[in-house]
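Note sheet for the following structure.
Labels A, B, C and D are assigned to the chains in the order they are written; within every chain, residues are numbered from 1.
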Amino acid sequence: MIAQTPPMGWNSWDCYGAAVTEKTVRANAEYMSSFLKPFGWEYVVVDIQWSFSGAKGHAYEPFADLAMDEFGRLIPSADRFPSSRGGAGFRPLADYVHSLGLKFGIHIMRGLPRTAAHRRLPIADSDCFCHLAADPHSICAWNPDMYGLRCGTPDAKAYYDSIFRLYASWGVDFVKCDDIAREYPRCRREIELISESCRNCGRDMVLSLSPGPAPLEEAEHLKANANMWRITDDFWDDWKLLKGMFERAEKWCIHAGPGHWPDADMLPVGALRQCDSPDGWTRFSHAEQRTMMTLWCMMRSPLMAGGELTKNDSFTLSLLSNASVLEILKEGWCAHPLRTLPEESVWISLHRDGHGAWIALFNLDDRKRTVSLRSGDSGLPFFRGLECWSGKPLRKTSVLRAVLDPHDAKVFLVGTKEL
Amino acid sequence: MIAQTPPMGWNSWDCYGAAVTEKTVRANAEYMSSFLKPFGWEYVVVDIQWSFSGAKGHAYEPFADLAMDEFGRLIPSADRFPSSRGGAGFRPLADYVHSLGLKFGIHIMRGLPRTAAHRRLPIADSDCFCHLAADPHSICAWNPDMYGLRCGTPDAKAYYDSIFRLYASWGVDFVKCDDIAREYPRCRREIELISESCRNCGRDMVLSLSPGPAPLEEAEHLKANANMWRITDDFWDDWKLLKGMFERAEKWCIHAGPGHWPDADMLPVGALRQCDSPDGWTRFSHAEQRTMMTLWCMMRSPLMAGGELTKNDSFTLSLLSNASVLEILKEGWCAHPLRTLPEESVWISLHRDGHGAWIALFNLDDRKRTVSLRSGDSGLPFFRGLECWSGKPLRKTSVLRAVLDPHDAKVFLVGTKEL
Amino acid sequence: MIAQTPPMGWNSWDCYGAAVTEKTVRANAEYMSSFLKPFGWEYVVVDIQWSFSGAKGHAYEPFADLAMDEFGRLIPSADRFPSSRGGAGFRPLADYVHSLGLKFGIHIMRGLPRTAAHRRLPIADSDCFCHLAADPHSICAWNPDMYGLRCGTPDAKAYYDSIFRLYASWGVDFVKCDDIAREYPRCRREIELISESCRNCGRDMVLSLSPGPAPLEEAEHLKANANMWRITDDFWDDWKLLKGMFERAEKWCIHAGPGHWPDADMLPVGALRQCDSPDGWTRFSHAEQRTMMTLWCMMRSPLMAGGELTKNDSFTLSLLSNASVLEILKEGWCAHPLRTLPEESVWISLHRDGHGAWIALFNLDDRKRTVSLRSGDSGLPFFRGLECWSGKPLRKTSVLRAVLDPHDAKVFLVGTKEL
Amino acid sequence: MIAQTPPMGWNSWDCYGAAVTEKTVRANAEYMSSFLKPFGWEYVVVDIQWSFSGAKGHAYEPFADLAMDEFGRLIPSADRFPSSRGGAGFRPLADYVHSLGLKFGIHIMRGLPRTAAHRRLPIADSDCFCHLAADPHSICAWNPDMYGLRCGTPDAKAYYDSIFRLYASWGVDFVKCDDIAREYPRCRREIELISESCRNCGRDMVLSLSPGPAPLEEAEHLKANANMWRITDDFWDDWKLLKGMFERAEKWCIHAGPGHWPDADMLPVGALRQCDSPDGWTRFSHAEQRTMMTLWCMMRSPLMAGGELTKNDSFTLSLLSNASVLEILKEGWCAHPLRTLPEESVWISLHRDGHGAWIALFNLDDRKRTVSLRSGDSGLPFFRGLECWSGKPLRKTSVLRAVLDPHDAKVFLVGTKEL
């Protein structure tokens, strides 16, 4: 089984938008292999519009000329992914990523290219056709490339089977499917179809659904059909968005479990928006980045670094490679908030070994603040252990108390029993 | 000025759906000229998808092959409109209709053909392009042919100008623009653009907007930009829809006036659904047809007969040619309901000559019912005159009273002053 | 039949709140008799809480000690209405008002006094009881005095019959019933019960329902059960409220007719808020007062002057005594807006004589503005007549045009026919 | 600190409505002391309207004559609670309950008696008055006795202080305050005031808020101000209500913790509705009762038996005295659903000792159904332990599977670690 713990990796969107290139992907994979792999990071994911030679930044061009095969399946733009020439697709790049001990992922939009439908292309290994699979009324609200599929038809099933078989032949390990997670109820069937084609394609692939917010009342459907799904709209380096994530995390935390993870989106840390400027850098303070990492680990969200890894400074690398904190992601259990106020939040996550628990204290206020928790309110007899970010020991106390800078967090690993 | 009184005519949708042919249009025009023109009927309107050779019935085919010129303008299918061959467009057919003393109209969808955008066609008499005019996110919810336009661009204006110039060259007198009247607020600018191109094209054309319901709170925008607009979704021969029209009529009645008319949709009378079967006939009873005609005339809705005219029986012809009733449409003023209950309705409309008023009594119940009105409740001193459908005189009385069959109506022309 | 045209009169609320006294009522009645009666003004109405000796201004005191008889019927406070002493009630004051050739009205709250229920008082001329008539869950949201009634019980009917019989014995001609017009659907039955007791009490009384907004979808119920009903919450001398009335007037205008009038509330003109200060004066400009009077007359709202009449200046008196303008109220018909924009409005009302119509032009903008109307848009052949506020003649023209100060209005009486 | 685990006890409402008597309370206390106390049951709670001699069944009488002292504080009806005569109040009954080793609770309505306000009574130990404390606009939607308080006034604080001091003098251990938990936001301040008076009265009392549904978004306010609060409207022996509780339980489970418990309402088991008939009995099947007890224990809802205890049959007693199941209530932690479908539900709760967890399998369908759980989906390595209702051992397995009768449940205690 895949995704037994929340997937960890890198995604190209936050730094390169729709315009990532092979060269950059390779460089980030190499960095990850050297510096992050030991801490559990493994997926390298190429985000949107890799089939369009003219892609630029974070915007989309209408009626763009997308690279596709004779069966209406998008293939990488050879200008941007040179190794894909001659029909090789993403196979050579995936091979390289695998050679580094990592896994390879791609982004797709639900549906098929509009021009494939207007050109009435056949569907591979079938007697079906793109114009019979496509639903001319099912379009994305923000990207102009595709038509969604008419899910009741054999043509729709044949099309999704055909692309996942192609991705399996390339060696893809992770598919981020876009324009779908918040499209309930109309995409309910399409999610099932994609999930089925993914599971039947002959290769293990993590299926990730975007963008959010996915509807909470569909939690069971999402758990049954995807490995991760977005719980908010695009997340960026903006305190308001980070603060708002606490409310979503509270609602979704009970739905995290092996194989199915509510996803708080990429981590906008380090060098961002490189497609706009080489000087792009996260606007989050160090404190805010600690708060983000702590929350994502406590709630067990997948971790996808969004910055250009090769430009990481030492703080960013330390943020992504603190083994004590990442242990929460891997070994946490039954996490949930004990308190959620506009100014502060307190979370608990149990260690699967039965001997420990993590308590995170967050200052959501714009001023320095003391956040505290009585052991009686946590269900623990007292607190004793260590603070994970700093490694400092915590002596036995009945009240956990932290003086926190604005937007900062601390997280303590404590024992659960009297000794 | 056009449309000083509510337009009257014939439209092909109710009998032929998307599949009307030139032969049928000519036959209906000839009938109208002979039997209905003396009563004010004048517009002959070809409804949707006249550019698609394969059109059938009331459904639409996705990714259909539409006839268009090299500038992305739809032209009639030569298979269905033979006189249009060789670039003549609708000109020969319009000429014929004009020769009968009538006026000629066509249906259009807002926007331009999707394939014209994907093929990046140029726009006539301009340096603009279809793919720059088209908005890939603006599609119709029920018809797959077109993209709406990006209204801020010069390309969008150039495109609408180009089609209305073409229609003017054909001799079109009436344009029914579809997928627009209920699309507020997103189509607000597109309505203005179409209205402007229509007024500037060099020929008087009635501009009719569909489908409804147009939003009541946009009444002033509609009055400023169109000659008629639909106030409900498609109307058919179903009593529930007819009964429901009373509520819409009440809300819209004060917005009827010279040049701008709330439109209760086509009259589904006589031979309908001919594309399905030659035996198709209206399901409305005679009583219901009287109620419909009476309400449409009282509220001053445009009158567009929907049946195959050449198959009219004597009742249907009498319904459409009662001069006393049609006088309400032409000479009524300041009409509004005096009473609207689930079981009955009473309307008043003043005669523009200052000497008379019409009082309509409607039985909306499923049982025989006596509907009455005291003169005091109408603002009239007493009632004296005649019943318009039957021509029977009404003797002086202080209470107007009619025993009405289920779903039937009577309408009285009465004097407004003591003599 | 009563209220064949919209009632006109004076109400004590705008100048005295809950604290009006007999002396003041007499003075205003005398002024009305001398200066306003010739123009149609006739009702003198004592507003809320006349049974509480300690009433002050526009606020209400909880658990106040209200004067009532042994049957739980409120009677005038003898401190404030000395002529009521000894069980005379409002009879002596009504007699005096009648002696001036005017009519007398009072305010009531729906329901019965809370203390009458807690004291379990009997109901007059019946074997019923107040505590059985009262519904302990039906209270007013803003006044603490009463319980609404349990409308299905004989006790409730007995109570309402008992108070209307009392009012008939006093000589009351007008009852303003409060806490009811916007309380649909829960007060539906209570309105019917009150209406029935009113009609059966042996004396003609205008029944007026407050406060608004009454729901538009209950128009037929209101027309069947009341002579006037408020269409907005309390109206005061604030331009925003006046501007907002245009929208309500548009929705309600078709429901005005003999015996049933949508009510735009009192006219806050002249000396207001006398209970707060003897210097209180309307904040409306002269222009705004013309706009208000013009709209009220066009839409045929009842006219209830709200100021202390004896302090009227010459402008205020002229506003209330322009016979040309008041003729619109009495003789208008089928009025409705021709145009309603945020910056301007145009209304038409027909003269019942069939020869004329009124056209009102309103400037709703905060700047000077030219408002105009083409005759073609009005349905009239041309315009010729006079402006009603000034009396100036209007020469024949095809475009009516007025340069209007901010918030000002003009209204023209024009002929409807070519001569 | 009180309510460190969810309170357990008996409440008179389900069997006696508003009409419980001292005799019955004593009998139930005696039964509890003998048969249930060993399992943790301790509170004996007298429900609503104990100050009205004429109370009958589950309905309320308007304008009832309630027993109160000279300070507007309700006291027990001496007819129904003879030991309260002579100003003793509930002291003698509380003493008796305490003598059995149990705790004593009462029901109150927020606010003060309406008649105390109308009579302008003084408030004990203060210079405040009931009519200044009462808000005449704040009433209960279903009970006619009280006015809510004007929370900003010193009078309101004085009143709530005065009643809690009285209850402390009586020896009350538990107060169920009604008409308040679902009245957010308008009762927000009143909750705080009551909470404060309760905490300051000099005696530990559990504060329980009714009726529900309390709003989820007020969870932190409730946790800060109450020990338990209702999450639904009144719960009765109806499968639809029980099934619906799963959705509420899912939303509220993360808010359960020491001192603050979301409350799923009384357990309608055994002899119910005794005020209507001595034959009254729960309509829940045995399976449904197991499902209810299992859910309440898993979610850690307070347990308040609702039936007449002295009539318990052996099944009912066994239901309330299964130590294995009740251990879940006392020792569970971090409980939440793993799956919630219309047909089935699966919950997990961790044992605080770190070595075990409970897994509950529920069949919500109307047919026999096999409900199962893979260990991988639970986060546990495998399952081994025992079923709590039956005590049967569970051998090591990677899939937990139970064949369940309609509406039935099983709950397994399993170890959390490989050994």
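Definition applied: a contact is a pair of C-beta atoms (placed from the backbone, for glycine too) under 8 Å apart; a residue touches a chain by one contact, two chains touch by 3 or more.
Small disclaimer: the values here were computed from a predicted structure and weren't measured.
Peer 1: Which neighbours do chain A and chain B have in common?
Peer 2: none
Peer 1: Rounded to the nearest 5 degrees, how far is chain B rotated relative to chain D when their C-alpha atoms are superposed?
Peer 2: For the C-alpha superposition of chain B onto chain D, the angle is 180 degrees.
Peer 1: Shared numbers divided by all numbers used: is that above or below half for chain A and chain D, i.e. same or different?
Peer 2: Mostly the same residues.
Peer 1: Just the number, please: Cα centre separation of chain A and chain C in whole Å.
Peer 2: 64
Peer 1: In angstrom, rounded to a whole number, how far apart do the mean CA points of chain B and chain C lie?
Peer 2: Here chain B and chain C have centroids separated by 43 Å.
Peer 1: Give me the residue numbers in chain D that touch at least two other chains, ranges are fine.
Peer 2: Nothing qualifies.
Peer 1: Connecting every touching chain pair, does the picture come out as line, ring, star, complete or other?
Peer 2: Chain contacts: single closed ring, each chain with exactly two partners.
Peer 1: So, with touch as defined above, which chain pairs make the list?
Peer 2: Taking the chains two at a time, the touching pairs are A-B, A-D, B-C, C-D.
Peer 1: For the complex, give me every residue of chain B touching chain A.
Peer 2: 62-63, 114-115, 117-118, 120, 131, 134-137, 139-142, 144
Peer 1: In their shared complex, at which residues does chain D touch chain A?
Peer 2: Contacts found on chain D: 1, 4, 219-220, 223, 250, 253-254, 257-259, 333-334, 336-341, 348, 350, 352-355, 376-379, 416-417.
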